[in-house]
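The following block contains the structure, expressed as structure tokens.
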Amino acid sequence: MLEELKQKVYEANMELPKRNLVTYTWGNVSEIDREKGVFVIKPSGVNYEDLKPEDMVVMDLDGNRVEGRYNPSTDTATHLELYKAFPEIGGVVHTHSPWATVWAQAGRSIPSYGTTHADYFYGEIPCARSLTPEEIEEAYEKNTGKVIIEAFVDKNPMYVPGVLCTNHGPFTWGKDAAGAVYNAVVLEEVAKMAHYTEMIRPDVTPIPKPLMDKHFLRKHGANAYYGQK
Amino acid sequence: MLEELKQKVYEANMELPKRNLVTYTWGNVSEIDREKGVFVIKPSGVNYEDLKPEDMVVMDLDGNRVEGRYNPSTDTATHLELYKAFPEIGGVVHTHSPWATVWAQAGRSIPSYGTTHADYFYGEIPCARSLTPEEIEEAYEKNTGKVIIEAFVDKNPMYVPGVLCTNHGPFTWGKDAAGAVYNAVVLEEVAKMAHYTEMIRPDVTPIPKPLMDKHFLRKHGANAYYGQK
Amino acid sequence: MLEELKQKVYEANMELPKRNLVTYTWGNVSEIDREKGVFVIKPSGVNYEDLKPEDMVVMDLDGNRVEGRYNPSTDTATHLELYKAFPEIGGVVHTHSPWATVWAQAGRSIPSYGTTHADYFYGEIPCARSLTPEEIEEAYEKNTGKVIIEAFVDKNPMYVPGVLCTNHGPFTWGKDAAGAVYNAVVLEEVAKMAHYTEMIRPDVTPIPKPLMDKHFLRKHGANAYYGQK
Amino acid sequence: MLEELKQKVYEANMELPKRNLVTYTWGNVSEIDREKGVFVIKPSGVNYEDLKPEDMVVMDLDGNRVEGRYNPSTDTATHLELYKAFPEIGGVVHTHSPWATVWAQAGRSIPSYGTTHADYFYGEIPCARSLTPEEIEEAYEKNTGKVIIEAFVDKNPMYVPGVLCTNHGPFTWGKDAAGAVYNAVVLEEVAKMAHYTEMIRPDVTPIPKPLMDKHFLRKHGANAYYGQK
């Protein structure tokens, strides 16, 4: 069952080391099948070199393992919260990719300084607040999802498909696992460039709104004209 | 028709990922055949891994597609403006290469700090002004070309074969597509080194003119003596 | 004798160039067999391309070469001090990996700014004090071990499996040679991210203790739940 | 004639792109045969991918081409000055390797901040003064050699086997071409680490002399004990 979805999730996971987003096992990708009410995720702590499609773990939306011999990623409860709160998303990625992680460690949202950012993220990429000691103690991974959702109370998650978790690292998402990985790659590039932009011009201000609108909307929405569709 | 030119433009495009100047589809190269009055450019949003010489799109100088099953790059109108304004150039490149892009995001021209810069760019690499909201709305890609041309009103585009577009990224050019890619590689290297030069010495000043002249002119012009010609 | 241990130490050494932790011969790995009272270490100044398992050098705990045609690493006396002082450790690594080395050159301990650090190092990674001229003169490599041990007088070396030596570079350790190399990779990544975290937010403070505890303890100790065990 | 020397110089040149020290043709290596009174150097502006051992150019010590169908490197006159002034050296390298070049562009000597530097360079790596307009005009490449030599009036070139040329880039040397390339690799690594050391600790001071002496002298001179000799 779900062989095709396992294959897709496996391939999306394998993109992470290929794109230099993970060291060792520091990342995981999942994708949901909303009709069947299950999602498929990387097993916990398994090396990418050893990973096989059949190692992927199938979870239901109550957080129970439906299939698979391995434990799922420790971050599974975070993925689950995001799938429940954001009905438009189909895939989720977590990494410790260095540039996104340093912004997370600094506890700063990433300002939009250019069209590379605006092509994929409409406005700043928010840094979710720290968890309280009680939230960490009670249900760390689930509450990580909760504070992410809190940061999106006034944002469309399809317009800003990623977030930073303070002192931790990024989560991104997309219409499927491959799309979520794509956004993880973009986030890493954008995070790097935002840092150097601030170094080259400490008083830099964000991209003007008309240019941001132009770039985001030529790639997204009803009037998009980028690409072949 | 134009099989040789398509092949050259294809090969020049494939240099971009090989030289680490593009992530995903974030770049495009074109070359013009001035006798025939057409130019060949990368199709929009096609992955480099999938690209083939026959996918290249042939455009005329009124911006009409003459041949090819794909839409041309969304930046085609910018290339066209540059070909019309700068009769000496034969190839144009656009990328979001990170170091050039951070200077563009900072809205700063790149000072000439050394002979690596002076070997290929005679003086600073200008950052073109921001487009007005009206210019963005009216014809974004064409007006991007217009503000570039405005930045070269007092410059020889063959002496300074590249530019930064504020909040966006670089364009470079050359006598053909391969030459434009070469200049894109140089620009990226020069942009990186200019940043670190300023970090190592915040009060650094540009290269003295006699040294700049020596290096540019030993590679370019009537008295050049670099290489085998 | 000890063919298996030599093979393991050889493989651990070969991870250093593969993981971009060494230039030329600037690193060495050892592993101890505590029952037999010997440890195996890389020979001094031999290129990684030329290294073979049988080139590994066997040393006893008095610092005598027991087997091997080559001189052992010049840092052998430091490894030996660590094995004697820290009975829980089974492997030791020394490199000049650039990010750890720049913190060592700066003479600064690396603060814990995030969960990547907290997953493997419980609290800051200390920078051991400089050796006195007398300590350098008397027995440089042995006394390098002594000042490391001094920096751990109030620390558990299994909770903080690495150190910086002022003006020099890092040492890491672990339960075996492979574990020590793993920690060298983590240290390098953490050192890089700590620097950029400080650049992005100069007034950044270390990770809150509850989050540090959560991450370290979900991977280490009796209640760990990361991975498949 | 000199087939063996051409082969060695060819191989040393090919190390430059392999070690990421050159972009395109921005580097050259030579080696001298002092008995025969000739040196062999890379031809000017030839791509590394196309380079063959038989393309190397043989020069005499008056700067005349003795053998070879290509023009020698434009920097040949600088190499020649160094061979004449420093009788102990056997090989010379010039590159625009980025980290050494940014220090050159900043016009700063590289302080010795750690043992990586001290293992190969005894004290700071000097930045030679700018050439005067007259010196540039009169004989640029030869006078580049002259200002390097001026910077070594109180230094032993075998103890400090490299230099920065202001607004330009580095030259290194060694007992032969391979040794000069080795020092170019070390210089690049040391230049990078010196920059980040200053970023991590703006008030950092150079390595204490006893530690510098210990490291340089355990690798060089009569009492060296590093390696297998």
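Order of writing sets the chain letters: A, B, C and D. Residues in each chain are counted from 1.
The definition used in the following text is that a residue touches a chain if its C-beta (ideal position, glycine included) is under 8 Å from a C-beta of that chain, and two chains touch if they have at least 3 such contacts.
The structure displayed is predicted, hence computed values, not measured ones.
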| item | value |
| --- | --- |
| Chains contacting each of subunit B and subunit C, listed by label | A, D |
| Equivalent interface positions on subunit B and subunit D, same or different at half | different |
| Cα superposition angle of subunit C on its copy subunit D, in degrees to the nearest 5 | 90 |
| Centre-of-Cα separation between subunit B and subunit A, whole angstrom | 33 |
| Geometric centre distance via CA averages, subunit D-subunit A, whole Å | 46 |
| Residues of subunit D touching at least two other chains | 199 |
| Topology of the chain contact graph, where touching chains are joined (line, ring, star, complete, other) | ring |
| Chain-to-chain touches, reported pairwise for every pair that qualifies | A-B, A-C, B-D, C-D |
| Interfacial residue positions of subunit C with respect to subunit A in the complex | 113-116, 182, 185-186, 189, 192-194, 196-197, 199-201, 204, 207-208, 210-211, 214, 218, 225-228 |
| Sites on subunit D touched by subunit B in the complex | 23-24, 26, 43-46, 70-71, 74, 96, 98-99, 101-108, 130-131, 133, 136-137, 140, 167-169, 195, 198-199 |
